[in-house]
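Shared chain: chain A. Partners: chain B in the first complex, chain C in the second.
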Partner chain A sequence: MNSDPLQQAGENAWQDTKHVHSSLLSITYGCLVEQLVKDFADIEAVNEITKRMGSFIGKRVCDDVLSHAQVSKCENVKEALQITTKVGFRMMLNIQPTLTTTPDPKIFVLSFPENPLSSNVEIPTELNDIAYSNIICGVIEGALELLRYEVKADFVKEVVKGDHTNEIRVEHIRDIPEQISDIFET
Partner chain B sequence: MSKNFIISVWIISPSGGLIYKKDIAGQSTLARGNDPLELGSLFHSQYAISSALSPLPGTSSGIESVETDDFRIQCLRTPTGILFFVLAEPHATNLERTLKELYELFADYVGKNPFYVPNQPIKSALFDKKILESPFI
Partner chain C sequence: MNSDPLQQAGENAWQDTKHVHSSLLSITYGCLVEQLVKDFADIEAVNEITKRMGSFIGKRVCDDVLSHAQVSKCENVKEALQITTKVGFRMMLNIQPTLTTTPDPKIFVLSFPENPLSSNVEIPTELNDIAYSNIICGVIEGALELLRYEVKADFVKEVVKGDHTNEIRVEHIRDIPEQISDIFET
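The block that comes next holds the complex of A and B.
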């Protein structure tokens, strides 16, 4: 047994899940990005759309991860990110990013050397501004929004762009407050 | 009668609306008109009050269970704000497991359905079927 309950939960969730070949995921995502690049001349628009799609995924996947993580509450954004890395990423992509804190308590860094979405990808020079796996940043933003943390996630390093590892910088913007008055007004 | 002595299962959205209610035991409880909707919302408010009453604000989970002579209620509030609760016979055991199962089924058959709009009533024949088939419900 693993001593870290979250890590164990991630391991269990991965074992319990039915798997498909990772090529299906990388090819599907590749076709999606290909089509977006054809449809939009502006690379920024492509980056924005992949992130927005990720955000939708995050909102749907959040409960799936939490129902396996066996946590009843999460107290702060760091705990939420620990669940994201140890259970979420492990369960969905079979990778476990290292979560590092920075001197600024609002900024966290997730680093992972392997990215199943882009393992077969080479980016042509004219598309150098594309954030190829931006969908992952969207997933983090969407999932944490559901837990009432507004964050901004962006790639700062990508292996497909020649960096030695993938790094996502997560900035905690604010807690989305939950007030009893919200409940009574709705 | 359900094998696990469950009478009914309820799901309340984060904004307090009843989005799902299923009678397991066969006979319908509280079948009159909008009663379930009103009671669901009221229970959600009770839950919010109970956690606000905590002497350590923000840390209490709120109501976990309610016991009476004739039945008991067990609740699960997810970190995303969805409130699940089951009504069961007083001697029912391991209702936490039932609630976990319910949460997993919800994540699988409601959350992953792209045509389900979050916080709207759940009208899914597949979800109904999975609930009735579950060994824990």
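The block that comes next holds the complex of A and C.
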């Protein structure tokens, strides 16, 4: 039994789910990105679409992650990011990024040496501006939006671009106030 | 220890590889198919592209599957399909289709009740002609091509279309003769 309940929840969440070979995901994702690059000459548009897809996924898996973490809401954005890294990433990608705070209380950094999405990927120099794994940033933004935190997540380091590790900078933009309509929905 | 060496090889292959949550694959694949449907009005073109992507994947993972099965070549197409189902499918998708022969020695059937690629997928009626998981047929065709068997693989039953199980019909078209150039390459 792990002494950190969230870490244990992440482990349990992983055990509870069905798995596939990670290279099947990385190849399928590679096909998706390649198709988007063919469709849109503008790399910024590709980056935006992969982020939007990620946001859709993040919102979709959020409830599942919360139920595994045995919480229904978070006290603050840091707690939401702890659940995202210790339960969400562990459950979906079988990795657990290190969450670091910074002197600026609105800025957090997630770092993880291994990214299953981009293993064996080589980016041609003409696509240097691509945020290849932007879908992960979208997942973080989408999941946190559902938890009522607007954040902006962006890769600042990527192994696939020659960095020694992967780092995502998460900026807390604002808390999303509860709407009267939301109260009626719950 | 399993008494069937191929089954054991499949189990070992699965243990040796890195895994991710299967729903991440099914959602990513769903995004890919959706993008292709947007790009090509013709569903037949989508079916062809997903099969071609699968063929690329099949060729790419073939060596890995063979090394796990501890064989370098196959005696006949049935043996190639046995390795594909017992080692390849097990290693990549964590499922093991049942391989059935038919009265026609050129026709084989792979059946599997669960398809991780299409779990939680609903196909709108206007896309009824889509061979949603055609990428799997492509993987079979690509892997067998590398093993020198030209086959044609097609879904004949799909749970996602209301059938009680998934079935792929594999037709052995011909053995692919070894080329002089291939001998020099090895």
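Definition applied: the second predicted complex is superposed on the first by the 177 of 186 C-alpha atoms of A that agree within 3 Å, B and C clash if a C-alpha of one lies under 4 Å from a C-alpha of the other, contacts with A are read in each partner's own complex, and residues count from 1 in each chain.
Keep this in mind: a contact is a pair of C-beta atoms (placed from the backbone, for glycine too) under 8 Å apart; a residue touches a chain by one contact, two chains touch by 3 or more.
Keep in mind it's a predicted model, so treat the numbers as computed, not measured.
Trainee: Quick one: classify A:71 as touching chain B (first), chain C (second), both or neither.
Mentor: So A:71 only meets chain B here.
Trainee: Check whether A:147 is in contact with chain B, with chain C, with both or with neither, and answer first, second, both or neither.
Mentor: In the superposed model, A:147 contacts chain B only, not chain C.
Trainee: Touch check for A:60: first (chain B), second (chain C), both, or neither?
Mentor: The answer is both, since A:60 touches chain B and chain C.
Trainee: Which residues form the common part of the chain A surface touched by chain B and by chain C?
Mentor: 60-61.
Trainee: Can you list the residues on chain B that touch chain A in the complex?
Mentor: 15-17, 44-45, 48-49, 52, 61, 76-82, 100, 103-104, 106-108, 111-112, 114, 118
Trainee: Can you list the chain A residues touching chain B in their complex?
Mentor: These residues of chain A touch chain B: 59-64, 66-68, 70-74, 146-148, 178, 180, 182-184, 186.
Trainee: For chain C, which residues count as touching chain A in their complex?
Mentor: Checking each residue of chain C against chain A gives 14, 17-25, 27-29, 31-32, 35-36, 39, 53, 57, 60-61, 91-94, 116, 135.
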